[in-house]
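Given below, in the form of structure tokens, are the structures.
Two complexes are shown next, each including chain A; its partner changes from chain B in the first to chain C in the second.
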Partner chain A sequence: MSTKAVEAKTDPALLAHLYRRAGFGINRDEIDQLATEDYSDTVEFLLNPTAETGIPEDELKRYLGGEAPHAYLAIWLYRMLNSRNQLQEKMALFWHGLFATGLVKNEHILSSSNQIEMFRENGMGEMREILMDLAKDPAMIFWLDNNENHLGEPNENWGRELLELFSLGVGNYSEIDIKHASRAFTGWTFAQSPPLYPHGYYPADFLFREDDHDNGDKEFLGHTGNLDGGDIIDIIVKQPSCAAFISRHLYNFFVADEPQVPTWNDLPPLDPELIDAMCKAFMDSDGEIKSVLRVMFNSDSFKNARFKKVKSPIEMVAGILKLAGEHTDFRHDLAKYPQSSTFTMGQILLDPPTVEGWHTGREWIDGGNLTERINFAVDQVGDGLSPGIKRIIDRLVESGSLSTPESFVDTTLDAMGPISVEDSTREALVDYARKTEVDDDRSRAVRMIRLMVSTPDFQYA
Partner chain B sequence: MARPYGLLRAGFPYLKSLGMRRLTNYPVDLTLGAEGRIYILNRQQDLAQIRKYSFDDEDLGNFGTVGDGEDELQWPVSIIADSEENLFISDESHHRISSFDKEGEFLGTFGEYGSGEGQLNRPAGIVFDADENIYVVDSKNHRVQKFTKDGKFLLEWGSHGDGDGEFDLPWGITVDELGDVYVADWRNDRVQKFTTDGEFVMKFGKSGSANGEFNRPTDVAVDLDGDIYVCDRGNNRVQLFNAEARYVDKFIGDATLSKIGREYMMTNASPNRIRDMAVLEPQKRLRQPRSIAVDSDMRLYITDTGSYRIQVYQKEAIHLNSQQFAPPMRSVTLHQE
Partner chain C sequence: MSDNGNGTKNGSKKPPVLVVLQMTGGNDFMNTLVPFTEGIYYDSRHTVRIDEDRVIPINDKLGFHPAAAPLKEMYDKGDVAIIQGIGYENANRSHFRAMDIMHTAEPLTISTKGWLAQAIQQLDPNGKNVLTGVSFGRGLPRAMAAPGVRVTSVGDLDSYGLMTSVEIKEDRAEAMDIFKRFYTPGIGSGATMSYLKQTGDDVLTGIDRLQEVPGRYESTIEYEDNPIAKSLRDVARTHIAGLGTRIFYVQHAGYDHHAIEMPAHERLLGELSGALRDFMDDLREHDAAEEVIIYAFTEFGRRVQDNGSGTDHGSGGGAFVIGERVEGGLYAEYPSLDPKTFANGEDLAHTFDFRGVYATLLEQWMSVESQDIVKGNYEQLHPFKTA
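On to the complex of A and B.
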């Protein structure tokens, strides 16, 4: 890869990188504004969501919504595209992938959407609160059968996955720990909500049933006593293995593609030094995710990890829509993207394939969905009339950079991100630019942008 | 018919519920036809449907397809019927008003996207006046426009703001029997009243959840007594005001199972058990009500959008003459008569 400048206070390429990873992209004009600020200040802005989201919440509810899953996803996608709190939305996606909960089982969109809202609200908070909210979340309770976890008849599904998939990872607990953790969560259920028919979904609310809770002594990771679910979570978040597990997940999601999770017990992290620093931040801050993210985003490792992650389908879709500058207003067709576009690329939000979530990295891409990804990107660029593409073309034409093939390509790459491509890709683009020199500037620019979003390089964030 | 000198408000009991999920999915508006026919406008993602229904809770069929064709709907908002029971529907995605006959045959459209005279940007509430001219709330242009039934522009008023006669994304609209026009001024959390030509008459309401306050009101209706009903969607209620806009009462939902709902439940064991395990009280309440209508029998229809049904209330009020109703009093009193 031929990345441009590495670290600089006002390096646009670094800001574009940050927003691709910590958000869903940013347009070039916004980068110009942010470039006047220090990089770490921009990180702090992302780490500290404000009430000034840029989203008119009342209008959002007025125009969008409904009981269909893709109706809710249209709302989420709108936030991804338009919220100033980009990291807040990205963290909701992160936790959705890690705490994978499937609508296919609960068939209760209100609970599934409430879970995403919960991730948005507390996604950068303390791990203890995140796990406590998760343990009380009706969608999760039902997904992992904790509503079937009764006094004297424990169901260990939640207890097992809490340790294996959500907090510690294989090898950091025993079967005994699973059994006793499960007993500690007996009676953690939800109040029955009315049936779907005849009058639709009603919210489900957490309910602790004292009469169904096991108050006996338990042993968990060296602690003994009448432990309840809250005690179990208190013990978990103090474990160095929890810090390591969550840090590695964050690294995998935000920095670079790690091997798949089941291999983590055997394979060391790609960047042990950064993982150690993130773990220290976790332990020093009582598990505050924001503190861990701060270390990660400000690290040289993150800053240099450009175009090393394969975009997930939703990152691909949201990124290109943002590039095209579409859907800043409310439109009925927003729902088609989570309904069909990400679906054909292999990702159905709200319905991860298993409790393990989505496998990431190169597993996102096969021959079929690569075609879908490229076609989608080219379609969105279209004939160059969308607001975002017009902005890019205006920038190109006004800069006068179309005069030579090299400057044409480099300026286009800059206006589209800035993004970087392999040297061989750049050479091919320059060659193409040379062949189209007889055409008018705007049609050349549109075709160049279409070509760029079709490159293998564009599949990476 | 002249408005009464006074009213003895005997009560306003809940009467019945109509509809259920699948039949009346996300009802956003309704209009009343002859012989008890009710046309219920259902809108959801991938659904734009007019359900013909009866006051006896019977499904009489449906029409309407979602799409971008000339005879299709995308984001329908309001439905009204003319004297021949032709149906007019505003569509805030297509920025136009579409019409169908009562059997669902497409008749035509008027309106196009824009901010010029006669153009529309997210049309919302619509209503006929006594001459069957049509007022259209041109929401994103923050104005009201008046057209003939076939779409010829007549007049307009309003601009963006919160002053008298200004609007912020207005939604519902109604015309009373005297020809005055009332608009649910959505983001200003108030209702404004105008003459038939758009001259400002009065306003009432402010942001909040106390009696007389609103959280994004979506619709307004006026009955033959001059009583004003406001669909206070964000507060999950409908509020009742007298003709002078003094708060009188509110409706928060008292639903019982509709007839069609009971029939469904009688043949489905699992929902019966689940319902029995759940708390009943929330099931009565309004959830995101969207629109209201009153008929000449003084029945109030509330589209209880979030619960896929219509809740109907029956006004019980006796007209009083000047012998039965003392003159207005300047001051309140503790003197009991």
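On to the complex of A and C.
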């Protein structure tokens, strides 16, 4: 079947952009198929995960499971590479970055992995549910010491970060609000799971201790009464500042690099109009994240924001692995990518540098990280027989585009994404194509692909 | 503190150089410098212990682990200062957090500014030399990272470069010619793109200079074949090449001995002390030793009581300062073995704040202001010979 026979409704470059942002990439043949559908239908498909994930759950557990962090990282990466519900996977990563919880403190992988599973399940749901789940999540409770938040002896760590980092942002609450919110969460703790050995890992469970809960009157953002944690979250999600804060985080993650979060109180958003539209969707839908995402992905701002974000290390690694081949086998060394490859580029999942999560944008880049990013990408695409690279080369050879240097470069860029590069980069690539004219087609193509993944342009999603 | 790095403070005419060596995982200090007359040591350590007849004594109370014989020889020459009982209040037992604290000198808050990166910023305020700070080994440690500070991170000096997986030399050269055009500074749409291109250009500059290093080096010293020896040899070769590096960083991994500690610790201490001896001999052979010191540290000590096979995370670790201009000997107090003094009832209590050690190294050796880096004034040691 030729894809040419069916008229394309959607620009392939736009679809490639959507899947780089709302997922971890997609191959060029799949784009040809999606191009026959309306863009907004593809967005709806991403927004509504189905049971047909494409993930063989039993085998995944059997071959990659285990009680060590690296086993879970391998499973997580496997889902990024293979799940049909790409946006669901991307949202799990989004919430992990925003509600950054470190395995380093609890050293209990099952609690940390359960938290990520929770983000996967509920990541496009209502903000109220997301925050309620988070407030009852043992990994978060321990990470921010809410198990030390007692009647008469409040610990403000969770109360503060809930407002500052997770929902409203600096400047939208007072120190009094923090104190009273913290009191409202007293007694929200977890039941200690049995020790690891000799029985293996057990999950920890949320536990509400009535006898340790402060039932006194509290004042929070203009509301008074015997507020408990649920009331606090109800109040939070109705604040316009919550809609604005979450919308800006979504924008920064999916659309374009904003300045670092602590400056947000001082610097306006890059695109106030889109943020306003997202806030409206948030308020109109009682804080349903899916509604906010729908507005965002269908906006012209999103469609035009191509290559405006520096790839995070995990986006770089997963994207390259998807480009190079298929990862449906259960290789035991799958964990090396999220453990070692992204580590040398500055990111290990489950190990955020601080409760603030990772700094993004240009802060992903330093000399060492850039060297690692380039060498990793060049190394991974260097085998002309790996399925993904072979697919790209077949496309090139079949199209007959190697005949002129310009068409060689442009067709390769198309087959790899489509992606685009700055004029100066393209000129250099064309000169390279001219130099390698005498070689055999397949090795020429591999060398061109290798060079393309080393460009500054390729550092962007 | 105004003679910013021209070396008058440490008595050498050449600019001072600091090599930081991280013993990753929490070195068992009690089994490195053994308190062989203390009954409680042997009472607490039934399995994971060095018997008195195996210890190499340095005085009538303390002795080195037998595998550290080369270090003992250096100690006898007066080149090793042992800082006993280094730590901080409420020591953190998480590797990651504890290492972070060591890297940022911030026990209470979380910081993104490494202590050495801040020193590099003072040594080279305009970032003129991308090789002022160089880390060898896997990944850039947080100690060497801070926003806006340009440092170089090298996995392996002999294979260092870009596109190293491209095997055919001509292919690689041809690709690199084009690559240089991609990363020409100044042309770029937007601040981040300009920064990216500048960073790529810095990497190329660093590579160009570092790639000459192996070819310029000759030595009669034959290092052993293990990762720390390899990394220290890379430091030696780079230092000898005279590229202006002032701070080096290397890592020796594997000290987290919860189980089967005895053979594993012996191997590591053997590798480390042999590599340190070869490194200093190599520098001496090239008349490049007196301006260099090594600071070897770990993130925490280990539990007093063993667990039958290894030792769990504890506190009260030890550190070493090594070099020709070091005034060898024992510094700070060995942590008390009186159980009443134990931290958490089971750990050695530290006797000297690690930030005072950083201040010592920064001020007295590197002539760098330390107050902003360690956030305050901490008691310093005086482990250097007066010129």
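Basically, the second predicted complex is superposed on the first by the 451 of 461 C-alpha atoms of A that agree within 3 Å, B and C clash if a C-alpha of one lies under 4 Å from a C-alpha of the other, contacts with A are read in each partner's own complex, and residues count from 1 in each chain.
What we mean here is this: contacts are C-beta pairs under 8 Å (C-beta built on N, C-alpha and C of every residue); 3 or more make two chains touch, one makes a residue touch a chain.
Source: prediction; values computed, not measured.
In the superposition on chain A, A:G368 contacts chain C only, with no contact to chain B. Once chain A of one complex is fitted onto chain A of the other, the partner contacts of A:L451 are limited to chain C, with no touch recorded for chain B.
Partner contacting the larger number of chain A residues, of chain B and chain C: C.
When the shared chain is aligned, chain B comes close enough to touch A:Q192, but chain C does not.
By the touch criterion defined above, A:T425 reaches chain C but does not reach chain B.
Residues 94-97, 110, 112, 130, 135, 138-140, 142, 145, 147, 150-153, 155, 162-166, 171, 174-175, 178-179, 181-184, 187-189, 191-193, 195-197, 199-200, 202-203, 206 of chain C are the ones that touch chain A when the two sit in their complex.
Residue ranges of chain B in contact with chain A, taken from their complex: 20-22, 26, 44-46, 74-75, 92-93, 169, 186-187, 216, 234, 255, 257-258, 260-261, 264-265, 268, 270-271, 274-275, 277-280, 282-283, 287, 306-309.
On the chain A side of its complex with chain C, the touching residues are 102, 104-105, 107, 257, 310, 340, 343-344, 346, 351, 353-356, 359, 361-363, 365-372, 374-375, 378-379, 382, 422, 424-425, 428-429, 431-432, 435-436, 447, 450-451, 454-456, 459. Within the complex formed with chain B, the chain A residues making contact are 58-59, 62-63, 66-68, 70-71, 74, 191-200, 202, 331-332, 335.
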